[in-house]
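What follows is a pair of complexes built around subunit A, which joins subunit B in one and subunit C in the other.
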Partner chain A sequence: MRLRGLLWLNAISSVLPAALLGSATVEGRVELPKSRSAPVQAKRYEIVTKGGVLSTQPPLAVVYLDGAFPRPASLPTKEVTQKDLTFIPALLPIEAGTKVEFPNLDDTYHNIFSYSPAKRFDLGRYRPEERPIPSVIFDKPGLVTLRCDIHEHMRGLILVLNTPYFVMTDTAGRFRLDKLPPGHYTLKAWIDSRTTKEKAVDVKNGQTLHVDFP
Partner chain B sequence: MSSAVETRDKGVARFRTRLFTAMMIVVATLTALGFYLAQRKVTADAERNLQQIFQNELSSLHKLEELRHAALADRCNALAAKSRIHAAIEDNAIDLLYPSAKDELRDLMEGEEPPPAQAAQWLHAKFYRFLDGAGAVIKPLNPYDVGELNGDTEAQLALSELPDKQQIGYVLENTQAGDRAIDEVIAVPIFSTDTGEVISALVIGFKPLELEDKHTGMKSGIWTNGHLHLPALPAASTLNQKVADALAKSDQDENYFRVDAGGAPQLLFYKRLNPGSLFLPAYEICVYPLSYSLEELRRLRWQVSGAGALLLLGGFIASHLIALRFSAPVKKLALDSEENRAKRRRAEAALASTAQELERSTRYSADASHQLKSPVTVLRVGLESLIEREGFKPEIYEELSVLLHQTHRLTGVIEDLLLLSQLDAGHLQIASTPVNLSQLVDEWLDDLGALPDSPDVKIEKEFPPALFVAGEKRYTSLVVQNLLENARKYNRPGGRIRVSACVNGSGVVLTVGNTGCVIAPGENIFERFHHSSTPSAASGHGIGLNLARELARLHGGDLRLVRSENDWTEFEVRFSAANGVNPVA
Partner chain C sequence: MKLPAFSLCVFACTACAFDIDDVFDRLDNALTVSLFQDNLRVRLSGTLDLEFYNFEQPAPGLIDSRTDNLFDPRLTLFLDAQLGSQIYFFAQSRVDRGFDPTDHGADIRLDEYALRITPWQDGRFSLQIGKFATVVGNWVPRHLSWDNPFINAPLVYENVTAIQDKYAPYSPLYFVYGPYYYAKYSFNPVIWGPSYASGISVAGKLGRFDYAVEMKNTSLSSRPESWNVTENGFENPTFSGRLGLRPNEAWNFGVSASEGSYFRREAEPTLPPGRDIDDYREFVLGQDASFAWHHLQVWAEFYEARFEVPRVGNADTFAYYIEAKYKFTPQFFGALRWNQQLFGTVSDGYGHNVHWSEDLGRIDIAVTYRFTPHAQLKLQYDFQHETTAPGDNNHLFAAQFTVRF
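On to the complex of A and B.
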């Protein structure tokens, strides 16, 4: 599977217009909320709700370069699997127009649906052997909350962005965006469903800009 | 006499009437009191019974409603656990709320309306609505699925805030047919499974459970928001105002009062159906006709009146009998007193005439004595002057002397009579002083010896020289004189007189005995004007002994004949001894 993803990535880079291929880099650190629990060594994280606010646990941020970028003709398909009654990954940032498949890796039915304004869909009940793998194209920017009608506790987030330049921080909040086209942009850091920080940035070719979100 | 009987009978009748009247008053008072108490008891019992029935019915209604509420709470908890409901509320997809709940609540709305007896178990809803975070009603896109409501009714479902527990309310619904209906609504909070916070509320409308009553003719309804919904009672609109007034006046959650509805007295109970609810206050109204208790009251009134009448009748008979029994002694008493009065009158008349006679005789004796005294004195003075003259023959002087003696005797008799009449009239007063009886006796014995015609009698004296008695000297002297003169007068020649005196106890006893002819037994010598049956040379005028005894008695003593036999007659006179003067015997 990983092999397939890499192939897709190669395909994307080959398709991208040369003018947009930049060499600028932005890196820095997002000050993340204090984790309530001890830091988890594993890469696994989950979505938690606190006071109606959805965030990841341990806290992670998505940093992206906001701006008007031409929509690519095709985008690689992404995947959110259901395994052990959780969404993996729990938070998936994608560019608008991306098709996301929801393979069921559990031995039980799932019924993925979303009532979020960014995307309403209902995949209905399906078993692991369901083919084709149920998928949804997210064409509108916004946060989509994934739920399972059968397993009430399951939560997943898909952050649909209007940009191809985005990255998830590590648990320390560090991020690095490279190959950015030069220009004047707004750099945003999505921290939870209610909190998105932003900073204006001037990105120049060959430069590495250091931006921190305190 | 017949008029007296009439008066007496009238008195008895009056007594009987009074007794009967008093008993009637008592019985009537008791009857009235009994009736008053009975009426109060019936009224209080009726109210208490109805109150009990009302409470029981309400409590059974509450039990049914609790069933319904428990079922709804379960339903809403299950609903809140549904992802789609959460998604619709949390993801701001309100429009998807009703479609999401439709499947879950489908059975609430479907099916036929259950029979009233099972309404509580069936959970057959008329409509339901969700409330948003502010408590406002979320309008359904397709009202047909969730029960159609007009705007006014729907607005009544809104709350000022989301409740954290079940709330009961009642809303007025204007039906399409143009009449009003009341719906019971239950707001159940929906808690977020994530946060535990109230994220919405489900308001479900039901047809209200109705109180059932088969015996008392009770009619029940609901009062809320200024309207009384009691379709079974035509006069509900007038009751509406009364209920509103009662609720405005009192802040009690339940009470009752009397009303007149449809021309019949009724007891109206009310009780708050939703205490503490965020919805408008609503009250269960139950109107019980009092006809049942009134009928009972009427029956009781007859019973009490009947009992009173019986009591009165019994009282009448009893009082009659009692009056008869009581009046019998009264009658007898009246009769007896009548007889007694007559007797007394007679006795009084007799006494008066006796007193009159006595007075007359006393006065006569006194008058006669006085009338006699004067001519005797004239006679005596004349005779004395004749004797003092000279020149008569000696026989004439002798004759004159005898006559003069007789006038002296006559004067004595007259004085004795005067004294007796005074004694009889009770006019004689004695001034008691110590009198020397021994001296008195000695003087009289001397006088006797000096008398010209004294027979040859021997005188024996046996008394101390000084023996004092209490009395008036005059009268004591008369007694002594009388006895001594008799002893001389009735003695025989050569006889003897024996005079003895001594102290005896508290008195002094003087005994005078003499020889001579004896007094025949049975002869009452103490009788006034007594004359001896045996002819004797000596005779008195018959009042001496009588007077002596009367005088002795007046002095607290007595005179009696001790014996008269064998040529010896002995009298004994007793005087009171003068205090502290006589030597102790």
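On to the complex of A and C.
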């Protein structure tokens, strides 16, 4: 009986206009740290190497609404590629339970691994054309640092969140979170592994709230 | 009671390590410097190795110690610099108790430095000059402590033979029965470690093939002191090369060759009258193969070597090893290696043909646990057996704790 009720609720919610479910917006700006230097690739014993320069990845922040939200039945699969010996994107925020694929677009092996408590895994060495594409389901919230066992300089981050309401800032720190459900929440800005700023917000239907994280 | 205590210890180390890990990541950022709008980037990094060895006398391989237990700490610093996309410079400096494990005092060295110019983006050609590891074979890319699944090198890179580079043998009998176990550091292996000799190399990749050719100041068997250009000039250069084929990412095959004189200058007075050190050469022919797929990696190298020995003739040897590494979990992996070296015969001067060194086989087993991406513990056991002599078997236990920054 209870299951049937939930199914009805799900069916109704899928046909309701988004505006009725959540139409509030929060926008603002996060003060980002200074750009880091691009990494240096150690090529000492790779006597045959390409002469590419690794790109600088500008710092970005993730802004999210913290709270207890129902977990959707299914989540879209996300992707972190390895291209030109870097992770793209370098920072990926996802909701807990999301599957992330790691396609290798370089013409060499990669070996992605993480020792982070939120997700410990090692995908081993795999070819660019390997199918199925190696993937991992991130089911526990927290920060996951991606590394490559072959290319020491490679670093990537996956921020696993317990909320569906998150967005990445642009390189100037600006953000805009749309279609938020009304309520009293904590708005958080994740800046790096040691810095997460937060502010209490009252989100009201049809309203645009401006919040800055200086 | 001991097992829970050990488990608690490992857990505590791991928990602490995750905090320290963040510190190391920040240190890495701090040690990377970028100048001229990212056109010049310089990174300082390194490893701290704490090694412990327990073995029987005579000490195996290139370990030079009168005692059966040896503690060998080592600090290695690396400098990597990239200028634009075409110029790369690296250097390696070490503070330890000698290039190979010894019971001597502290030693500080600049082991490697090289400048590499890569004119084309596709890597078809690069030129490198300096003091750097040999292009021969496939062991060099994993010889550093963090990448090597073992604490020591394969047998061919560390087993001392009857060849010596400071004196020519005064008779075939002395050559064969010379006391090389007891004055081991006077004698040479076929290839001395990664052979950081000085010189110039060209290398590149053409489709599925890659090539590398080098001219160095000394031969593959030469000792670390000979690698410095201040010690040894280019009067008697050694030429080496490797041609590689990579049919796909999983497989890699290569053939290598090297040729050069192996005596040091101080050996000249001991040579037969009218002969020069350039008349006695080391020839090496090598084949290597490697395979990697998911959590398995396999490497093999096969070497045929010939030394031209004064008053003796040609001394031939064949050495090979097969090595496999498998990751059982993201942080725990094991490795197994079988090594063998077989020696040809030479005349002892009395009408008999005898092996010029003892044939031997060695099996190496190692396990590694990575606490974090910056700290690992390696344990190794070796069993070495001489097959053509009544020489004692040798057991080696070794442990190595490495912190990488």
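Everything below uses one rule, namely that the second predicted complex is superposed on the first by the 170 of 214 C-alpha atoms of A that agree within 3 Å, B and C clash if a C-alpha of one lies under 4 Å from a C-alpha of the other, contacts with A are read in each partner's own complex, and residues count from 1 in each chain.
In this section, a contact is a pair of C-beta atoms (placed from the backbone, for glycine too) under 8 Å apart; a residue touches a chain by one contact, two chains touch by 3 or more.
Quantities reported herein were computed from a predicted structural model and do not represent experimental measurements.
Q: In the superposed model, does subunit B or subunit C contact more residues of subunit A?
A: C
Q: Should A:169 be classified as contacting the first partner (subunit B), the second (subunit C), both, or neither?
A: neither
Q: Looking at A:120 after the superposition, I want to know if it touches subunit B, subunit C, both of them or none. Which is it: first, second, both, neither?
A: Touch status of A:120: both partners.
Q: A:194 contacts which: subunit B (first), subunit C (second), both, neither?
A: second
Q: Touching A:86 in the superposition: subunit B (first), subunit C (second), both, neither?
A: neither
Q: Output check: A:128 vs subunit B and subunit C. Expected answer is one of first, second, both, neither. What do you get?
A: The second partner, subunit C, only.
Q: Is A:148 touching anything from subunit B or subunit C once the two structures are fitted on A? First, second, both or neither.
A: Only subunit B is touched by A:148; subunit C is not.
Q: Find the residues of subunit A that appear in the contact set with subunit B and again in the contact set with subunit C.
A: The overlap between the subunit B and subunit C interfaces on subunit A comprises residues 49-52, 113-115, 117, 120, 145, 147.
Q: Could you list, by residue number, the parts of subunit A that touch subunit B in their complex?
A: Spelled out, the residues of subunit A in touch with subunit B are 49-52, 113-117, 120, 145, 147-153.
Q: Where on subunit A does subunit C make contact in their complex?
A: These residues of subunit A touch subunit C: 36-53, 56, 107-109, 113-115, 117, 120-122, 124-128, 145, 147, 155, 193-194.
Q: Touching residues of subunit C toward subunit A in the complex: what are they?
A: My answer: residues 18, 21-22, 25, 29, 32-34, 38, 41-43, 45, 78, 80-82, 84-86, 88, 90, 92, 112, 114, 116, 118-123, 126, 128, 132-133, 135, 140-141, 143, 201, 203-205, 210, 212, 244, 248-250, 292-295, 297, 327, 329-331, 370, 372-373.
Q: Inside the complex, what are the residues of subunit B that reach subunit A?
A: So the residues of subunit B in touch with subunit A come to 81-84, 86-88, 90-93, 96, 192-195.
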